[in-house]
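Chains here go by letter, A, B and C, matching the order in which they are written, and residues are numbered from 1 within each.
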């Protein structure tokens, strides 16, 4: 009996805090860690008699997001009330959008967008444990500073087929939003939040399985691991003859455990109805023009430019355009390298940025100890053969650890390339003398053990020789 | 006639506790009101668009300019319970 | 002037007297303040202890005292909307409409009693006790602006602010023999009005005569950056001068001048007034508002639905009553159980039901369509008629307790006023006669923004009718 193969079917729901100056429906300035309840007003506190008025700039940012993902922009959009009770929701309803969102459809790379809409963020609830003031129960404290912050909610179609694709696509989305300048998109600070809707189905079928919702993952790595864990869980469940229950789940990155967030709570009945306090938003030609004019170079365009103008290979063009920080760093290093003699070339620089990215933990190499200038210098040293690949890697390790100037490190560590027949030929001869059996075989035409000689020379020169050059000198010495 | 269970379900959605006698009374009163309202079910409204906004306004948007915030003391002044500069409530229960 | 002369002055006359130097603003305020304090009708929930310190006495309203319905937020002054859940609530801000009037020179005399959260037509739903009709203290003044109407009718305030959602200014004005204007929806800011039904609530004047109504309305009208639905008025509001109705076409809708609840005495006064109108040169013709019989049903879906959402913020978290509770859900349910009266609970339940899953299309969705029909039918009638004219209320003031057992019976009081509210058009009630010694009101309704012409027509009628409201005003010093 052949085993059924399953494929994951994943849709993503992303909440983006917009970096307007004021909240979505009142003029309170946005708060960044100020003392609790110091950025509030009667409106965002939900005091009796208050009314919302929509932030024009938030609409503008929403339109830009829609343009960036190729959505259809509604000529007329309305807000709805989403009614439920929770202490972080002062009015007892959230003003959001329901069936007439700002943007519908669209696509970013290989994932289709279902919709983009605007809404207000909830306040912050902090658990404080037992309180003498609250009898019989643990207590929480509500801070309304965050309440009312403008959010754009981006919902994809269930086009994502793997955990890796999810995290890679989210990085692209983050880069896109960062390029647009509409958000700080910082997952740790909460300005970018992502939930995943996950189901699986037998490969080749088109019907959707029951989906679960995975929430509260605050890094790309956790999202990838969480999705992978949940897909595995569902698969194991189905293979054991069970069924997937629709529920909301939480992924613990430390234990890789998946637990249910809301087990027996009844499904919310949000009783959506059009927000009577806000007239329909008419999207004028003026607003559309302003949004179009404000569009920066988006990842797709940058990717094309890197490939066609700078001649980067497909892989590098994509990596550097899908991750804005790498792309920005690349362009800064390229600028620095343009002034050198000879100028630093794009593809080698791109390759070395990959090397840097592999060594540095953070998302943005600009935060590391390696300046774009330093990296450009490193690439230039390799390009002018003053440093071997191996030697350069050692220098890069030192740069990542301590920063500094590559030329200085080369000098102080004595890492400069060893090259040329004068320097290498004696070492090659010493290698042949030390390995007479190998030398015999080589002279006999059997090239297989040549690596032993090359390895000996590399070790003797502490990696400062170029492997290709050494091989050529060995042949020359042997008269081959 | 509305069932007790329906009244209790709606009361739950509205976070409204009803005493036993209130539930029965409400069931009766709500039923008679709903019967009266039911008349609109008989109307032919297929081609009629709903009015959600009586006023069609253009540019009811606000410029992104900061305005004054309330002093925290004022924001908390009417609060039934306060702690650490915030509004104190019993914690939401999980599940 | 002695007190009893002072209280016979309309607001406009008092302003003129102040401008002539015959009357002092402080004296005027004091006269009314003493009467308000001695109020036996329970019309006031709060009376000023002295003349406001920051009064703009040189503004056009010259310091004339104004009674303000409890649901208008007045900074530092209790604003309870007739409810226990807001007992003692002191807002940190003042409603725009009140602030505008204060800037124009009005002085807040007191807050008036009302049906809880403006839900009612008899003022028997107040948590602070019923209000008595000054014409007969065993009877209701109407509602929900019962306190404002009784205060003006009894000469405890020269004029007052009320709100009208389904008739709550017009109906108490009719039952108390005074003038009440519900303006075009959106001409007066709702910011600071503790909300009942957002798409229907409008603030308006309750006054002794039509000139005072025009004067007060003139200083309330305008856009407001805090209210996205406030469009202001297209014309400057003039004080009326018309004495005749030549060329005016008045429409009498069949559906709103028949019905079993319509008292013969009311009909008689109404028809006598139609004859008066003809005498002033108006033509009267029958017209039809086919959907009017369904207006009440649509209203009793829409208003409670919006109210159920607007009242969700009363949860014991940030202000108002908090009942004892061991957990969060009980905090909500106990607070709302203890804090809301029976009528409010009924409407919250109806509204929640109408919006709940599976019922939206059948109730709220359909009611919004009925609303469209009614608006269209009015528009169609106004192509042939300048104004529609009806009795304001099917009956005169009824006895306290007469209708409290059957909510539906109470709702029928709004039959003739609700259609105008649903269409958002302006309507005014003026006293047109007596039936068994109790006042009867006549309602004029016109197209949106027709207030100037409507006030002129009402003024002409008022002059011809010559209604004497003095029986309701007990002189100071006389036995009551």
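One rule holds for everything that comes next: contacts are C-beta pairs under 8 Å (C-beta built on N, C-alpha and C of every residue); 3 or more make two chains touch, one makes a residue touch a chain.
If you're wondering where the values come from, they're calculated on a predicted model, not measured in any experiment.
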item: Per-chain Cα centre nearest the global Cα centre, belonging to chain; value: B
item: A-C or B-C, whichever has more C-beta pairs in contact; value: B-C
item: Interchain centroid distance [CA atoms averaged], chain A/chain B, Å; value: 40
item: Chain A-chain C separation of Cα centroids, rounded to whole Å; value: 58
item: Chain B-chain C separation of Cα centroids, rounded to whole Å; value: 23
item: Residue numbers of chain C (touch at least two other chains); value: 89, 92, 199, 225, 228-229, 312, 315, 317-319, 326-328, 332, 352, 356
item: Residue list for chain A, restricted to those that touch at least two other chains; value: 42, 45, 53-54, 85, 87, 137, 142, 269, 271, 273, 276, 278-279
item: Two or more partner chains touched - positions in chain B; value: 13, 15, 52-53, 55, 57, 60-62, 70, 75, 81, 87, 89-92
item: Partner chain A, residues of chain C touching it in the complex; value: 71-73, 79, 81, 86, 89, 91-93, 95, 190-195, 198-199, 225-229, 305-306, 309, 311-315, 317-319, 324, 326-328, 332, 352, 355-357, 360, 364
item: Residue numbers on chain A that touch chain C, as the complex places them; value: 42-43, 45-54, 81, 83, 85, 87, 90-93, 135-137, 142, 269, 271-273, 276-279
item: Of all residues in chain B, those that touch chain C in their complex; value: 6-7, 10-11, 13-19, 22, 26, 29-30, 32-34, 36-41, 43, 45, 48-55, 57, 60-62, 70, 74-75, 77-81, 87, 89-93
item: Complex interface listing, chain A residues touching chain B; value: 20-22, 26-29, 35-42, 45, 53-59, 78, 85-87, 125-128, 131, 133-134, 137-144, 260-265, 269, 271, 273-274, 276, 278-282
item: Of chain B, residues touching chain A in the complex; value: 13, 15, 52-53, 55-58, 60-70, 72, 75-76, 81, 83-92, 94-95
